[in-house]
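What follows is a set of structures for review.
Note that chain A is present in both complexes that follow, paired respectively with chain B and with chain C.
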Partner chain A sequence: MIKVKNPAHIAIHTLLIIGSIFMLFPFVWMITTSFKGDDEILNTSKSIVLLPDLVRPGFLNNEEDQSRIDRRTERERLWALEQEKPTGERDKKIREPFKWYDNYLYAWRAQPFYRFFLNTLFVTITVTAVSLFFASLAAYAFAFFNFPLKDTLFMLMLGTMMLPQQALLIPNYIFLSKLGWINTYMSLIVPWLASAYSVFFLRQFFKQLPKDLYEAATIDGCSRFQFYYKILLPLSKPPMVTLGIFSFLANWNSFIWPLIVTNDTNLRVIQVGLSYFSSEAGTRWGPLMAASTMTILPLVIMYFLAQKQFVESQATTGMKE
Partner chain B sequence: MRNFLIAVFACWLIIVFAIRQDDKASAGLVKNEVDAEGKTQVVFWHAMGGPLGIVMNDLVNRYNKSQNNYYIKSISMGSYDTLAKKVLASLVAGEAPDISQNYETLTKKFIKHHKIVCLDDLIASETEDIKADIIPVLLDNNTFDGKLYSFPFNKSVPVLYYNKDLFVKVGIDPEQPPRTLEEMVKYCRIITDYHKQTPGADRSVYGYGCSKANVWSFLNRVLQYGGKIISDDGHKSQFGDQTAINAMAYLQNMLKEGIAKEGQGFDHQNDFIAGKAAIIESSIVSKVYMEDSINFNFGVAPLPGYIINPNAELTIEESEINRGVILSGSNINIFNNGDPKKIAGAWDFVKWFTSTEIGAEWSIRTTYLPVRKSSLQSSIMQDALKKDPNMAAPYVQLDYCHFEPRLSVWFEVRDLMADYLEKATIEMGPAEKYCEQMARDIDAILKHASD
Partner chain C sequence: MANIRNKDWAAYLYLMPVVTILLIFHVMPIFYSLAVSFYEWDLIGQPEFIGAGNYMRLFDDPMFYKSLWNTLYYAILSLPLSIISSLVIALLLNNPISAMGLYRTIYFIPVITSINAVAIVWNFIYHPDFGLLNKILAIFSIDPQTWLQDPFWAMPCIIFMSVWKGLGYNVIIFLAGLQNIPKHLYEAARIDGASRWQQFRHITWPLLSPTTFFIFTITTIGSFQVFSQVYMMTPRGGPLKSTMVVVYYLYRKAFEQFEFGYALSMAFVLFVIIFACTLFNKLYLEKKVHYS
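On to the complex of A and B.
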């Protein structure tokens, strides 16, 4: 018999489990769909069938599933027969049956995904690292020093957070084109190096640190930059990691901006690559799901690596000294 | 933490290195494939993705190899919406492409601001009478104040797709798709009832499928009922007319009876592929997307028409059926970027792409309409039609093809119509009510529209 310390925990955990099922379901569906052929994806409209035909145990199959599997077997047989003939005599109407990795193969070949990955990684890492550095410096100034117009400047900066990105799209484009940066890495990186949100977030954290710390360090001979580098940064690991993850995710997922400012395939990022699978007359669900799975893979890996830090930072950001 | 930062920096360096390597590799590839050096580069923005994009790129590559003067750099923008946004932004920034796909409403804006080249000037220097060979409706569609300003490029028409196996199952002649709107209702009723009443049949099968708030389909029906979209002077809509009310009520009644279903986006296409929807109305271009997934015999037919003056003594064959369909798809503009060489290159490419043979090939591989009459008569087209009779439906409809009003406010009007069409099939009130309100709201927009 398991002993339950607090009966409320049962309710809480039940809720959490239900919540996590809801959260996980789309991911599971995406991944399983990526292993299905078109007829399989589109035919199961009456109920949601998660497992692909290839791995689903027989007793779960209904009539429709069974007839589809039979058709597939028949197609495989015909295809094998056709392969025995010399190339010229084969009936072109008999198409190769679907293999489990076909969607991945199609997706990977349809677009230069290797390059898209490199671009996305390059832009994301650069932006995340540099914007964290800039934001922490700005936040340091706003939190520890007094200078003329400090509050006005801070308010102005916060004001930029209120403007929706869509409204800035065209003006920013024109500005960058005057600089001659359209269709370069600069246009993908530079506009995102300063983030008002990050500055705000870090300033709030820095403000909670005792001012005495700064004074004590100064008396001990610490220069302003030394205090930032030797004391402030090590103390603010949790908020930095949180911001890092936010920034990483936002850049990894950004779509409209990279699409607007780049023209060459060489400069395109993965989200733009994903959009190629749907168009005015239909969507190729299989390859789209395969490509999406490939796209989130690095994020999942990164999340597991940074998870410890992330949970820690979530737990301490609300704390006061 | 220090180690983590070092690791990130190392990763970053590796990525930078990999990008440089990839740049070098692709630079070599471009050189091997097509020697772009010494050629005038012409930038072409389009919205063709998926299977259509593959055909497009194939043709562009062939053009680049076929001659030594110009190099077409084709760039896909993914969707028409993004393409339009990018073209507008790039024009303001003074960095417009040399050619791009666009809708007529944008063309009008470009003409007003002198951003595009008038094609009549380019055609004038040709020995061949190109204009005489362009399919009339496509020529009208691109002529503004008597002058040709854009070139038809990827135009499509709506068609009916129907499941021949289902037709056979319920006892309808699979070679006789519905010819009139009434006949379609009749067929849908037979198909739905059969599946509801026969034991063991799949009860989820239904007659007619279409997408929700489908302006295109509604306007087609308005024409089929003999109606008009807007008045000749362009300041008044005709949606208060009985024809528009009939067009709206038609779908409402089918939905009420349960013999039709509306879906989001491409749901109806998926239902058709899955064998649930027996008849659907969609663009002919959807054929390219659906074909590979369909596991039954299917037919493609012209949209049904309407017998305006029914005579009980005449059969459907003998009666005069009023038909009408509306063109969709985009045209191509040549921008005036001040370099006559680039304009000449752009025109040369457009001419090549829409020429008799290439136009026919583009049409066969993508189902878009060819631009020229001679493409329709060409031997490759005739051979292809023999091989796949399903290809014929769009060409048959050319005789009674129209286009939507080319007003600058038209997209606004379309959005408004979509709202009312959606409301009409959700609330299921009398069609008169929605049509009247729709007409009133649209007239308010049209009254203030400048052109």
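On to the complex of A and C.
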């Protein structure tokens, strides 16, 4: 419940609510459209109909909606009649009326979306896990060891954070094509296994840990690697979760790189699959909205499970896609 | 901490994976693209050295200038739109109101979603015949437009969608900036009888300027990297190439016309532009902003 103590807050809430509607409405429109049939979507009338015919309460219908619903009821009746006949005698012209999940079914059948999801999950989880492992090793070295060229290496690594990825696309593509890695999972995974940002973030975290922790452990006979995986890793769960979410987001949403390095349907990730489906489906808006909903859904679920880390991971990185 | 005189050579073992990958995929490509940009090459045949030929051609290419201008136009239009709207929302959220967490959640949702998926949704919203936008305008008796198919409107449509998508991110940065402004300044101003507008004009705005500049530069840098929304919403660079931005042009040259040497010269110019902006951002601005 929103409780208002200060009258000025009513104005603030009003403005914020209008803003919220503006932020959310495209998603609402996407979801409701994904449950509409073509005759509902492709109507050029001036009225805005938000809810699908299947769930809209009757009193909201105007004449036009009512006639569309009547046509649908008629179609359902004809279809049911036709179904009673033996298979051979059915009239082919009477098509099955729209069911609420038809758009999802259409999208799912038009492109191997299950494959796209599996590919994306595989790439995303591999990159996230391995890059965090590598980054934690490097951050450990930067935070606890002394070695020649330490500061130079660290500065160089920070410098790579400033390199624009879009300018690296073509040279990396040429390099991978020489390696014969185009159209392999390797090209989707290997270049992203190192994240300078993760190293920096974890090093900052390690530096904040009590200094005598390392000394005490080594005096007790703890080897360097034991200290890393027995003490450091369990301690660094919070920064790891933040970085993990950031990496998951970035990989789930990455588009231009997989678009360039793969053209095999079996290797296609979800964003590339969605773009192909978009050019193929043309104005089949129902299935397109269904596919968009399916792509966004895992992100939104994750977001509501771990909101705080989501906002943090974005706000602290200073990065946009 | 380990003894200073101790040289832990084992450290290199821990650094090796990250450093190797960074060198191969993030540092070398810059030098490689500079080197190959002096060749004419389709990736299959033999590269042919043509000196500064690609660069000469690039600076004579009207489409390159058009793509640069379109990119700048994107930046120029999205900057005020995005800064003003996110600042207004951040100022509203900076009050001690209830349900603040809920609002932050809502405004942030577009940021986490996939640009490709929301581009499809906005394609539908902008559709000339069945789209929501024309239907809403019809309520106010405004004539329907063809939006993404119109050379004048295509880019503003993409910009509007992109501002909507990135808004929540800027709001978070602005909120952090606002919360860093000492409260006692406002109390002193109130005692002196300063109006709300005067407080904003003389306290909030000047003290927030590092944050504003930070958003200014990252938005500019982001503009030079725009690709997905253009690719998804206006195939082939839009009506009269009105949405042909630099990265999209570079993509076309390399992966549709296979002029790799030429595309690399463009990539190098892009690299120089973005790197200059980033350097400026890092050296002059980031030190003054505590945005986390």
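Note that the second predicted complex is superposed on the first by the 212 of 321 C-alpha atoms of A that agree within 3 Å, B and C clash if a C-alpha of one lies under 4 Å from a C-alpha of the other, contacts with A are read in each partner's own complex, and residues count from 1 in each chain.
Everything below uses one rule, namely that a contact is a pair of C-beta atoms (placed from the backbone, for glycine too) under 8 Å apart; a residue touches a chain by one contact, two chains touch by 3 or more.
What you see is a predicted model, and the numbers here were worked out from it, not measured in a lab.
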Taking the superposition as given, does A:125 touch the first partner, chain B, the second, chain C, both, or neither? first
Looking at the overlay, does A:211 come into contact with chain B only (first), chain C only (second), both, or neither? second
Go through the superposed model and pick first if A:85 touches only chain B, second if only chain C, both, or neither. neither
What is the contact status of A:307 with respect to chain B (first) and chain C (second): first, second, both, or neither? second
After the superposition on A, what does A:39 contact: first (chain B), second (chain C), both or neither? first
Which holds for A:174: it touches chain B only (first), chain C only (second), both, or neither? both
Dominant toucher of chain A (residue count), chain B or chain C: C
Is A:266 contacted by the first partner chain B, the second partner chain C, both or neither? first
Quick check for you: in the superposed arrangement, does A:275 touch first (chain B), second (chain C), both or neither? both
Quick one: classify A:19 as touching chain B (first), chain C (second), both or neither. second
Report, in rising order, the residues of chain A that make contact with chain B in one complex and with chain C in the other. 42-43, 46, 169-170, 173-174, 177, 256, 260, 275, 278-279, 283
Please give the residue numbers of chain A that touch chain B in the complex, ascending. 38-39, 42-43, 45-46, 71, 95, 114-115, 118-119, 121-122, 125-126, 129, 169-170, 173-174, 177-178, 182, 234, 237, 256, 259-260, 263-266, 272, 275-284
Within their complex, chain A touches chain C through residues 2-4, 9, 12-13, 15-16, 19-20, 22-24, 26-27, 29-30, 33, 41-44, 46-48, 134-135, 137-138, 140-142, 144-148, 150, 153, 156-157, 160, 162-175, 177, 190-191, 193-196, 199, 211, 214-215, 224, 249, 252-253, 255-256, 260, 270-271, 274-275, 278-279, 283, 285, 288-289, 291-293, 295-296, 299-300, 303-304, 307, 310-312, 314-316, 318, 320-321
Hey, which residues of chain C end up touching chain A in the complex? 1-4, 6-12, 14-15, 17-22, 24-30, 32-33, 36, 43, 89, 92-93, 95, 97-99, 103-118, 120-125, 127, 129-130, 132, 135-136, 138-139, 164, 166-169, 172-173, 176, 214, 218, 221-222, 224-225, 227-228, 231-232, 235, 247, 250-251, 254-255, 260, 263-264, 267-268, 270-271, 274-275, 278-279, 282, 286, 291-292
Within the complex, which stretch of chain B touches chain A? 1, 8, 11-12, 15-16, 18-19, 22-23, 26, 43, 45, 47-50, 52-53, 75-80, 82, 85-86, 88-90, 92-95, 204, 266, 269-271, 273-276, 282-283, 285-286, 288-290, 292-293, 295
